[in-house]
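In the two complexes below, subunit A is the common chain; its partner is subunit B in one and subunit C in the other.
On to the complex of A and B.
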C-alpha cells in the first residue's frame, strides 16, 4: 500500500513539474507583456522625461491636466475635430457596411447559394496574403487602373482621388479598403457560427413556409447572437485603435485631416521620442477610461435587448 | 477534383506568403568559422552599402593575421537594410548582434542616456600609425565635438552628410535657354541666354566659371526661371508622390539657403549670437492684394524669443516659392502627386526626361544622395543603353540655390552655397559588444576613418561627403560630373564657413527635437491651417491656402513658447 502511495506521490510530483514547465512560459509572458507593459504604461502617464539626465520624473496628474486643456507641449498635430470625426466615421461605416452585409453574405454562404464557395475564397484570400501587398495592389488599382477604366468606359476624368488632395475621395477609398480587408474575417466567423445551427431548426422553419429573409432575421441571427455580440464588443473596444489602414497607405505622410485616434497614437509612438511617451501613455489611459464603460454598457444592452429565439 | 484544386490553391497562397517572409526579417548569414566575426549594421538607403562592401574586403585583408580566441583573421559580416533607421534601431539595438553601426536619423542623446552605445573617447584620442599618426578627434569639426560631448565623453562619430535640395538637368536648361546670361536689361534684371555660347551670369556665388553659373541668384530670378519653364512647357519639378514629405524637402532647401549658417544656427541653438535675423511681423495687403508683401523687422534671437524662428522671412519666402509650384500643375510633373510614383520612378523619369516623348521635368526634388541610389538601382546604365547618343546631353547637377530675395548677384558679390546636413548620420559601437571584441570593433571604426578610407567612401558613393575633415578635393577627378559639382560646392562652403549640421545640444532643442528639426516629416512644418497640416503642398492643393495663411498658421506665440517649449 505504502509502495503504491509512494509511486502515486512520485507520479504527482512528475505531473506537477510537467504542469509547472508547461505553464511557466505563458505565465511569464502574461507577467511581462500584460502586467509589466501595462503597469509601465500607466506609471509613465504620471511622469515627465528629462532630456539632460535621461530619466523620468513623477509629475502627478500634470499630463492629464495639460491634455484636457489642450496645451500639452507634445500635442502637435492633435486636432480633436478631425480625429474624433474620423474615428467615429470609420466605426459607423464598419458597422453599417461591414457588419450588416457580412451577416447577409454569411447567410448566403451558409445556405450554399450559387458560387458561395468562390465568394468564400475571394473574401478570405486577403487574410492569407500580407495586408501590405494588398495595400500596394489596391493603391496601384485606385491610382492607375481606376482612372483609366473610368476614362475609357465612362469618359470621366479621375484625378487626385487617392493622394490626399481630394479629402472626400481619399477618405472613401481608405474606408472602403478597411471594410473590405476585414470583411472576410466577419463572414468566416458568422458563417462558422451559422454552420452550428441545427438543420432540423432550419427545416422546420422551411416546412412552416418561412421565407429566406424571415429565416435570417428570426431564426439565424438570434441563434448566432452570441457571436454577433462578441464581434460588436470587439469593434467598440477597437474604436481607439482603428487606423483606417492609414499608416500602411501613407506612413508618416498622412495629413491631419485623415487622422484617427489609432493612427495618431501609433504614428506618435513610432517617432520614438522619449519625451513623448508620458503624454502618449496619459492619452492612452484616458481613452481606456472612456472605452471601458462604453464597452461594458454596450455589451449589457446588446445582451439585454438583442433578439432571442423565443 | 474540387478538393485537389482547393489544396493546390492553398499551397500556392501559403508559398506566396513564405516567399515574402524572408524579406521582412533580414537574416545575417554566418561567416568563416576559422576567423573572428565582426558584425556591422548599416542603413542601406540612398548612400547604399557598396562602399561598405569595399571596406570589408580591405579590412579583412589588412587584418588577415588578427588573433583572437585561437582564431586567425577577421570576417566582417554585414547587415545592410533599409527598414531599420537610427530612429527605430534604438528599440532593438540591445538585442542586435551587430557591434558596429552606420545609421542615419540617430537620436544621439537618447542612445547615450540609455547607455546603448559605447564611449568612443579613448578611440578618438588614439593616434593611428596607419593614418600618419592622426587622431580621429583631430578630424572632427569643433561644432561636432561640442554637440556630441556628454559629460566629457563622445559616443558617436559623424558618418555622412546629405543635403536636401534640387537637382537640375543642365542639358534641359541649355536646350530651353533657362540659364541667366551675363547681360543686364534696362530694368536691372538679367536676361536669359539666347544661344549655347551666351556668357552666363556668375550665379549665386558671384564667381564666373564655376558650378553655379547661369543659375538664379535671387528668389525673384527663381520665379522668373520657373515661369520661363512654364512658357516652354517644361515642368519645373518632379518628386516622388509616394512620400508626401518630399514636398517639404524643397521648402527646407530654399529656407536653409536663404537663412544661411547663422540663421540655421539661430534656429537650432535659439541664439543668433547677436546677429539680427529678418522676422515677418505682418503682411502688407494693400499695395498688392494678389501678392502679400511681408513687413520685416530685424531681431536678435535668444532663448527668450526663440519662437521667432518660425516667423523668419526666409521661411516665408521658401513657402511662397513652394506654394506657387505646388499650386499649379503647370509647374510640376503630372505623376508627382500619385501615391504609386516611387522615388525610383521619379529618378528614372527625371533621367529620361527630355530624352523620351512626353512631359519634361527640369528639376528633381531629393537629397544629393539620389544619384548614388539611382546608380545602385542601375538607372544610369539603363538610360544610357536606352538613349545611347542622346544620353550625352543628360547632365544632372546639384543646384546652388539663391540666398537673397530680390535683384541679382553681380560678379564678386555673391556668397558660397549654404550646405546644411540634417540627416543625423553617425557611426557608433554597440554597448553590448563583448569586451574581447571591443578592440576589433574600434579597429574597424579607426580603419573607416583613415584618410584613404574617407576618400574611398566618397568615391564609392558618387560624391557623398563623410562628416569629418579630409581632403575630398583630391579625388575629384575620379568622380562623375554630378559628384564633382557637389564636392566643389561643399569645398567652397567649408572654406567660407557656410556648412553645418542642423543639430544642437541646446536643452530646448533636445527636448523638442520633433518640433524644431528641419527634416521633411518633423512637426516644424506644422501649421494650424487645414486642421494642423504639416504639408504646405496639401494645404495648397486641397484647401487652396496661400503661403501667407500657412506661414501665419506655423507661428508659435510667446505664451506657448514660455509655457511649453522653454519651460
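On to the complex of A and C.
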C-alpha cells in the first residue's frame, strides 16, 4: 500500500514538475507583457516627463484634471467634445446599422434561403481582404468614380465628398465603410450559433404557423442570446479602441473634428513622443475605468432582461 | 408537408432580406470588379473614363501594370532620427509579411494550445486560476497601455525587432485558448493513461499523442491568425517599422511621393497584388476557415 502511495506521489511530482516547466514561459510572458505593462501604464498616468533629466516624475492626478477640462494644453489636438461625440456617434451607428442587420442576414443564411451560400462568402470577403486594401479601393471609388456615376445617372454633381471639407459627407462615407466591411465575422458567428439550434424546435414552430419574423424574434434570437450578448459586450469594449478606419483613410492628416478615442490614442502613440505618454496613459486609464463597469453592467442587464426561451 | 419536411414559408421578410443582401453583394463585388478594371488601365484611359472597362480586348489591357508594381513598388520611410532611411522592395516586404504573419501566427497559436492543454489536462488549482483569468482578461478591457509597452520594449532593447513581436504574440490570453481548452477537455483521457502505462513521459504524451490529435484545430486557428496578421498594418506601424510588411506598404503608398507609383491605376494594382496570396489561401481553405468557426470556437 505504502509502495503504491509512494509511486502515486512520485507520479504526481513528475506531473507537477512538467506542468511548472511548460507553464513557466507563458506565465512569465504574461507577468511581464500583461501585468507589468498595465501596472506601469497606471503608474505612468500619474507622472510627467522631464525632458532634461529624461525621467518621469510624480504629479498626482494633474493629468486627469486636465483631461476633464476637455482641452489638454499638453496633448496635441486633444478636444474631448469632438472625440466623445464622434466615438459615441460611430458606436450608435454601428449598433443600429451593423449589429441588428447582421442578425437578420445570419437568419437568412441559417434558413438556407436562395443564394445563402453565395451571400455567406460575399459577406465574409471583407474579413479576408485587408481593410487597408478596401480603403484604397473605396476611397478612390468615392472620390473619382462615384461623382461620374452620379452625374451620368442622376445629373447630381458630387464634389469634395470625401476630403474632409464637407463634414457630413466625409462622416457618412467613413461610417458607411465601417459598417459595410464589418458584417463578415458577425454573420458567420451568428449563423454558426443558429446552426446549433435543434431542427425539431424550428419545425414545431413552423407547424404551429409561426411566421419568419416571429420565428427569428421569439425562437432563434432567444436561443442564441449568449452569442448576441458576447458580441454586444465585444462591441462595447471596442468603443474606445477599435476605430482604425479613420487612420486607414487619412493617417495623421485627419481633421480634429473627426477624432475618436481609438484614433487619438493610436495616432499619438505612433508619434513615439515620450512627453505625451503620461497623458495617453491617463486617458487610457480613464476609459478603462469607464469601460469596465459599463461592460460588466451591460452583460449583466442583457443576460437578466434579454429574451428568454420560455 | 413534403418528404417529411415542413414547406418553408418564406414570407415578406425573406424578400426584403434578399433585396438588401443582393444590394450588398452588388456594391461589394462591383467595387472589386471596378478595382480590377482600374488596375488594367493606362493613365490616359483612367483620365478619360473612371468608371468603365479598359479600352480594347482583354489581352490588350494593361496586365503589365502588375509587373510594373512588382518592380517599382518600393517602401521608403525617413529620414529617421539617426538620419537613415528604411527601404524595402516588394519582395522584401513579402518576406517580412511572411516572417511577421507566419511566425506571429505560429507562436500565438502554440501559446494558446500549450496553455489550454496544461489547463485542461492537469487539474491543479492553478489551472482553475488560469482559466478564470483568461475569461476575465477577455471581458475586461484595458485601454491605453501602448506607451507603457513601447517604453518596456525600448528598455529591453527589443523595439523594432521580429523577436519582440514573437515574444508579444506568445500569449494565451485569447479567445482561441477557450477553443483549444474545449478540444483537449473533450479528448478521452485513455490515450494518455495507456501511453503512461507503456512508459511514456509527460513530454512524450503531450507532443507525440495529445497535440497531434488537436492538429486540425491548430491548423485552422493558425490560418485564421495568419490572415489577420497578414492583413493588419497597425501593429507593424507601432512596433515593427524597420520590417515593413505589404499591408503597411499599401498604407504608406497612399502618402508616398513616388513617380512610378503615384497614379491611381498603379496604387490599385499594388493593392490587388497584395490581396492575391490571401485570396488564394481563402479559396483553398474556405471550408475550413468558414465552416469551422463558431462562437465556441472551432468545430471539428
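Note that the second predicted complex is superposed on the first by the 279 of 310 C-alpha atoms of A that agree within 3 Å, B and C clash if a C-alpha of one lies under 4 Å from a C-alpha of the other, contacts with A are read in each partner's own complex, and residues count from 1 in each chain.
Here, a contact is a pair of C-beta atoms (placed from the backbone, for glycine too) under 8 Å apart; a residue touches a chain by one contact, two chains touch by 3 or more.
This structure is a prediction, so every number in the text was calculated from the model and none was measured.
When the two complexes are overlaid on subunit A, subunit B and subunit C occupy overlapping space and clash. By the touch criterion defined above, A:227 lies against subunit C but remains apart from subunit B after alignment on the C-alpha atoms of chain A.
In the superposition on chain A, no contact is made by A:293 with either subunit B or subunit C. Residue contacts after overlaying the shared chain place A:251 against subunit B and subunit C alike. Contacts of A:130 after superposition: both subunit B and subunit C are touched. In the superposition on chain A, contact is made by A:114 with subunit C only, not with subunit B. In the superposition on chain A, A:53 makes contact with subunit B only, while subunit C stays out of contact range. When the shared chain is aligned, no partner comes close enough to touch A:70: not subunit B, not subunit C.
Once the two structures are superposed, subunit B and subunit C can be ranked by residues of subunit A touched, with C on top.
In the superposed pair of complexes, A:265 makes contact with subunit C only, with no contact to subunit B. In the overlay built on the shared chain, the residue A:160 is in contact with subunit B alone; subunit C does not reach it. Shared contact residues of subunit A with subunit B and subunit C: 121, 125, 128-130, 133, 136, 139-140, 144, 251, 270, 272, 274, 276. The touching residues of subunit B, counted against subunit A in their complex, run 9, 13-14, 16-17, 20, 87-88, 90-91, 107, 109-110, 112-114, 241, 243-245, 337-340, 507, 510-515, 521, 523, 526, 530-535, 538, 541-542, 560, 563-565, 567. Remark: subunit A residues 51-55, 71-73, 76-79, 81-82, 121, 125, 128-130, 133, 136, 139-140, 143-144, 160, 162-167, 249-257, 270-276 touch subunit B in the complex. Of all the residues in subunit C, the ones that touch subunit A in their complex are 5-6, 8-11, 13-14, 17-18, 20-21, 24-25, 27-29, 31-32, 34-35, 38, 49-51, 111, 114-115, 118, 122, 124, 126, 130, 137, 139-152, 167-168, 170-173, 201-203, 206, 227, 230-234, 237-238, 247, 250-251, 253-255, 264, 267-268, 271-272, 274-275, 278-279, 282, 286, 289-290, 293-295, 299. The part of subunit A that touches subunit C in the complex is made up of residues 14-16, 18-19, 22-23, 25-26, 29-30, 32-34, 36-38, 40-41, 44, 101, 104-105, 107-108, 111, 113-115, 118-126, 128-134, 136-141, 144-145, 148-149, 152, 180, 183, 188-189, 192-193, 195-196, 203, 206-207, 211-213, 216, 226-227, 230, 233, 237, 240-241, 244, 247-248, 251, 261, 265-266, 269-270, 272, 274, 276-278, 280-281, 283-285, 287-288, 291-292, 295-296, 299.
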